[in-house]
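Pasting a structure here, questions to come.
Chain lettering (A, B, C, D, E and F) follows the sequence in which the chains are written, and residue indices restart at 1 in each chain.
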Amino acid sequence: MNVNVSQEIIDKASVLVEALPYIQRFNGKIIVVKYGGSAMADPELKASIIEDIVLLKLVGMKPVIVHGGGKEITKWMKKTGTETEFYNGLRITDKDTLDVAEMVLAKVNKELVSMAELLGVKAIGISGKDGNLLTVKKVMPDGKDIGYVGEVTDVDPSIIEKILDDDMLPVIYPIGKDENGIGYNINGDHAASAVAKALKASKLAFLTDTDGVYLDPDDRSTLISELYVSEARELIENGNVNGGMIPKIRNCINAIENGVDRVHILDGRILHCLLLEIFTNKGIGTAIINDDAEKFYKEQA
Amino acid sequence: MNVNVSQEIIDKASVLVEALPYIQRFNGKIIVVKYGGSAMADPELKASIIEDIVLLKLVGMKPVIVHGGGKEITKWMKKTGTETEFYNGLRITDKDTLDVAEMVLAKVNKELVSMAELLGVKAIGISGKDGNLLTVKKVMPDGKDIGYVGEVTDVDPSIIEKILDDDMLPVIYPIGKDENGIGYNINGDHAASAVAKALKASKLAFLTDTDGVYLDPDDRSTLISELYVSEARELIENGNVNGGMIPKIRNCINAIENGVDRVHILDGRILHCLLLEIFTNKGIGTAIINDDAEKFYKEQA
Amino acid sequence: MNVNVSQEIIDKASVLVEALPYIQRFNGKIIVVKYGGSAMADPELKASIIEDIVLLKLVGMKPVIVHGGGKEITKWMKKTGTETEFYNGLRITDKDTLDVAEMVLAKVNKELVSMAELLGVKAIGISGKDGNLLTVKKVMPDGKDIGYVGEVTDVDPSIIEKILDDDMLPVIYPIGKDENGIGYNINGDHAASAVAKALKASKLAFLTDTDGVYLDPDDRSTLISELYVSEARELIENGNVNGGMIPKIRNCINAIENGVDRVHILDGRILHCLLLEIFTNKGIGTAIINDDAEKFYKEQA
Amino acid sequence: MNVNVSQEIIDKASVLVEALPYIQRFNGKIIVVKYGGSAMADPELKASIIEDIVLLKLVGMKPVIVHGGGKEITKWMKKTGTETEFYNGLRITDKDTLDVAEMVLAKVNKELVSMAELLGVKAIGISGKDGNLLTVKKVMPDGKDIGYVGEVTDVDPSIIEKILDDDMLPVIYPIGKDENGIGYNINGDHAASAVAKALKASKLAFLTDTDGVYLDPDDRSTLISELYVSEARELIENGNVNGGMIPKIRNCINAIENGVDRVHILDGRILHCLLLEIFTNKGIGTAIINDDAEKFYKEQA
Amino acid sequence: MNVNVSQEIIDKASVLVEALPYIQRFNGKIIVVKYGGSAMADPELKASIIEDIVLLKLVGMKPVIVHGGGKEITKWMKKTGTETEFYNGLRITDKDTLDVAEMVLAKVNKELVSMAELLGVKAIGISGKDGNLLTVKKVMPDGKDIGYVGEVTDVDPSIIEKILDDDMLPVIYPIGKDENGIGYNINGDHAASAVAKALKASKLAFLTDTDGVYLDPDDRSTLISELYVSEARELIENGNVNGGMIPKIRNCINAIENGVDRVHILDGRILHCLLLEIFTNKGIGTAIINDDAEKFYKEQA
Amino acid sequence: MNVNVSQEIIDKASVLVEALPYIQRFNGKIIVVKYGGSAMADPELKASIIEDIVLLKLVGMKPVIVHGGGKEITKWMKKTGTETEFYNGLRITDKDTLDVAEMVLAKVNKELVSMAELLGVKAIGISGKDGNLLTVKKVMPDGKDIGYVGEVTDVDPSIIEKILDDDMLPVIYPIGKDENGIGYNINGDHAASAVAKALKASKLAFLTDTDGVYLDPDDRSTLISELYVSEARELIENGNVNGGMIPKIRNCINAIENGVDRVHILDGRILHCLLLEIFTNKGIGTAIINDDAEKFYKEQA
């Protein structure tokens, strides 16, 4: 009964079979992907991310992209001679800055849409203004007016739901409007988080420039692949996470407290990082999960 | 039995009653509105046009907006220091020019979306790239490469149909892509016409900077309110229409030959020009209609 | 940018624009119109009322007509030699009287149906017997048997809902039956009110032979255009409303207490009174509204 | 294995089993029943007919009733002092005659509706005016004006189809209107036939005052239970049918030529004649069938 | 008005009319029929039972068959040389015994399916393993291992509901599986009862080898046609029912306590026993009903 | 920008990405899998085949299983003492032989159903008798009566379509019935082919005991991975295929001529052969395709 087949074939079969329970588990589930940072600058990475998202869609998940503008914004700021001032490290967003940001985000948006459509899905790129998706209010840190920077106060997810029902891929850029129709810039991570919460997404994945959360940042073998919210809080309290990660982890915790099942912090610089995180046993990043959930699918790396 | 009511009340009732057969006739019908030119520059006019379109939607029609960028594009060209060259009067569109045009159109798009949403409808702003709406090929006048200027070769109207089915207002800007996903600028009138044809729209309305077609351009009393396609052709052949109108009328004729019932050339500078053209007996512009249709609702002005 | 247009055109546009928020607000809402009295006798008024109702339907509302028989009943009573007796002002309805009333109402019903259909809608005329619409029990004022006079004990609105779902206009005459299938005459205002309550109608409009409720019946400038239920009760208690209006206002109050949003008392003798009340800022009659509602759209006349 | 059961039980089972193939065959099929004549005058017969129709509906058929007014019309003619003149045996229908006929038919209609509803189905009674059901034109025999007598020129069956879709029983009286909305009386048999043809009914059953078609009218044993259209034509040509039956048979032939499968002439004076004709092997009347059909279910009596 | 018709015709009409209220009452209701015992051995009985079930389906009920294997199982046990041991009267079901039972039940199942399909309905035969219909756990009477005998712990009725929605007849044999996919034999009466409870069936009918429950088993005139649950309990307590009936009645009581409206114990040896029980006033067996229900349709035999 | 990841991760990503276009291309497509032979005897192979089929279902395809009985039939033949005779190599199927075959197939069927359900899908096992799936007629080779062996004359695929619509996995065994309801055994390959044709399946895959078609049967490097129908015909004509393969290839050709896009001959002895054939570029067996199709995805091995 034995038949000789090459090791390559055996390996291929085993990867496909390994992916099986994940494809099954996430069928029909919404995954919001925050796409930004270095992963936007490298064309090969960009292509691999769009390819991954299209694959997620093809195997039955419902991906939603929220993206930033990467280095393009800075480039066009320069081109238009728009000067940027800062207050306590926050960029002051006057009308011109907002206009440039909104315009560049729209341009990036259509690039992503075009790339996805070349792979055979229908995509539709919108801002938070469309369909009343994101309502915001002006942010005033320490009472200081830093211009057209808003924070999300209300999400009307019906437009996304309709796009998903119509079997299309929504691609969103984080510009919203207040109740008077005035536009505002929004932090991309917050926008993604707000969208994921409103959609009661199964997953929220942040593509970052780091490869996850480490117990010991100097020891790459201490990457944490799964983390309960309570453990994440402890890590912050004990000072075991480095500074840049803290707001990101806080954002993750908040999303889970608002109904998202699982938040992934992935290294956007790894080719096909989304596929590898979602469809393999080990994954490649850090997943933060609800304390009531089971750490069901990944062993410590 | 007689009851005294003021003339004002009698007049109001009569306007509402006059509108009745038009509301009935156009219920559920698609109307594509090409919005551009001076009507974009004046805030009051802009507000009145969006108000009209929202009203058309509220009374049961299905409006679709296709818009240009007006003077904003020139303004941002200057700001970004993008130089424009011309070939035989055609603007040469290099990558930078295309980028600026696309970005400005996206910004204008979201303004229109925001205005409509303030009036209570859900709007969704897209480009011709979204949902494979507009596929184009490069235009090469006399074999000359004038850059990223495309003409529509294919329209996939399903994204618009879904937006209309979802009871939202589609707002479209005329940037398309070719089969390799490369973006191109498209003439706004042509884009509107292509969309109207693909949707088999009942009506296509151009908001222009002229008040319609005149038998004698010097005699304002000779405005033609209804015109058969055959009559339109004759006017052109006999040299009775002035130069600027000719491509517009040709575009109208082509749309009708492709299934649009009726094309309106309106003076976008008149407040509520859309309402007045559609819901009153006399109308205010020129309608070009199929030879097989009846000139059913307007007497000569 | 200024374009000269006639005052007539400006006025037309302004009427259409004024109507906008009302068309929007009442889209898909049910309005029950009780039609009777003098407005049935005058052919021009009758035509204007049917025209108004058809218009309401065309712009997206869901009108329902409940009508009486007007002077036709008396005419056919005479013709058939049916004598009528009274008890304390109440007409004693023997079998012959009931038969004549039912037959005349059916005839009037089909006239209204025919008129509406000439204007392009499909109408369907039914009595309260059809589809178990109105179940009644015999009325015995002071224990006195006054014959086949019933009051509504149960409404099964499903037949009306189906007719509305099928996009048709229901036209109802107020004859019901008891649990044994015996027919009874019903007061038209009560029937309209019962139907409006069962349908949870947005509006209930009574076309009457008076032009509304006055603070001072002798001073026509004291017409009240909007009135809270609590205010209406006060007016009755303080004796500020004249006798004939009292049962009508009581009926209005009762309807609002049972879920109707707003009840209108209109002068059915004004041409297009329904359009003017519903689609203009001032309105022309008196609206009685829930205390929790906002007096949102009419200033005092 | 043998169990003793009474003959009564055996007989009951056999009737139910006999009915099986017919219930199966006619499931979901439309049957139009023309109800009039003597069968309207006897309360027991009337009850049995409504009971039969309700049963047909309960076992999955879709019955539609078209009815006349029987002796009630004459009674109310007398009561209202309406005189009737005749022209060549045709009743001249002036406006008063039409009004009385329409009113009486409406009254009878609601009686039938009430009776059906007492048996647990929802019924809806309409005239040919409702939902544009029956459009007619004036009949002018030999060019003579005999008043408001119309013949059906157009049937819009959609109102009936909707009523059937809503699982209700349509009850129709034969008053129609012309294109100007003017009402006309229609011959009941013709109205039933027109409705059956427009609905592409499976069956059309006439309840008559005769027990079917005989080969030899004097020999009751010669009742024909099934007859091809071609045979029916021959019987007429050969003078083998008596005078009164001829127009009825012609009407049957015409219905079959227009898409009805099978037309039944039943003796409305037999209790439960409909059930017996449809659910038993022998039937009790005469069925006229398409030449292409099989005489599948009845042997000669 | 009197018409002479034969007594036979009058009787037929009366049987059909008698069936009317039952057909009406049970329209769309689910009836689970447990079919087994002697009624499986006689071909004529078998045909009559399938015929009855098809008729129930045709008149709008939703029958579900649960069947045993009758004498076929014993026959194939012998053929395969499978020996059966008993423990306290319970058959010990080793793997071979289970295999034979499952295989024979499948064969019988397809016979029933074929018979029903010859009568024009689509049938689909399944076991409790299909669609996770019946989940069981091993039965251990007095802690003794008697092999592959299971009792139902969970029913997933969705597969039956889908089959019914698809307008097909489900035919089920009582083999289930535990959570590890191991197959078990199930008592047929219990399986039928479990299915009826999960479907919230209106009726559950057991075809038995007895003609019902008697007050005095020796006096055939004391058959009880309707019995409240409380009365059934009393009969058992008072020792008024004979031994074999007790578990059957207990099963009935349990089904009613779990939402089945009415359980019938019928003599499967009477031809068309199902029709006679369901569609006639007297019925032929014993119905056990909820104490809150009305003994609405049968007088004491 | 470079990030170090292990070769294992790179390989995994590449397998997943390789599978992408196939998952996309076959989404929603029907694949009929004929399962039989040695692959039924080995438990690990059996598990891998069911796992593959469940995976195909999870990623959006619609698999349908048609299976044989493997060595179980012979085993039970022996057990029941059923003797088998042969005529010209064809097994003579008397009633006992048919009964045993049908019973064993049913038992195997439920094993496969149970295995699939353990993996989380709902499966439903049926024979060709259920839902009139397979109608057959008796086969008489050379006019010789070889008993209950039938060939498919008609397929009613609606039952399969409904099972697929209900998102369940159909598992079919090849027993059919003729027009009188008599059961017959059917060749499994023919049954699979008939089902695939009736469903207009995209793919039909035969799991065989050979690893595909070779140009030179003695040279394993000459496996043909893709073959046009015309080429397949040539191979047969030229005697380049060995005897056992000929009827199988003929069956493939016939399926393609009847609307199946592509037929696969796979070596059922390779673990996960289905996954490897469908989701990898090279595949592992031989696909026979329409001459009009493109050999789009496999290079010669």
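Note that contacts are C-beta pairs under 8 Å (C-beta built on N, C-alpha and C of every residue); 3 or more make two chains touch, one makes a residue touch a chain.
All values reported here derive from a predicted model rather than from experimental measurement.
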{"item": "Number of hops, chain A to chain D, where each hop joins two touching chains", "value": "3"}
{"item": "Chain centre separation in whole Å, for chain F relative to chain A (CA means)", "value": "43"}
{"item": "Distance between chain centroids, defined by C-alpha means - chain C, chain F (Å)", "value": "70"}
{"item": "Where chain B and chain F are represented by their mean Cα positions, the distance between them in whole Å", "value": "57"}
{"item": "Topology of the chain contact graph, where touching chains are joined (line, ring, star, complete, other)", "value": "ring"}
{"item": "Successive chains along the ring, chain B then chain C then the rest", "value": "B, C, D, E, F, A"}
{"item": "Residues of chain F that touch chain E when the two form their complex", "value": "76, 79-81, 99, 102-104, 106-107, 109-110, 113-115, 117-118, 122-127, 129-132, 158-159, 162, 166, 168, 175, 177, 180-181, 183"}
{"item": "Residue ranges of chain E in contact with chain D within the complex", "value": "1-3, 5, 9-13, 15-17, 19-20, 23-24, 27, 38, 41-42, 45, 51, 54-55, 58-60, 120, 211, 267, 269-272, 275-276, 279-280, 284"}
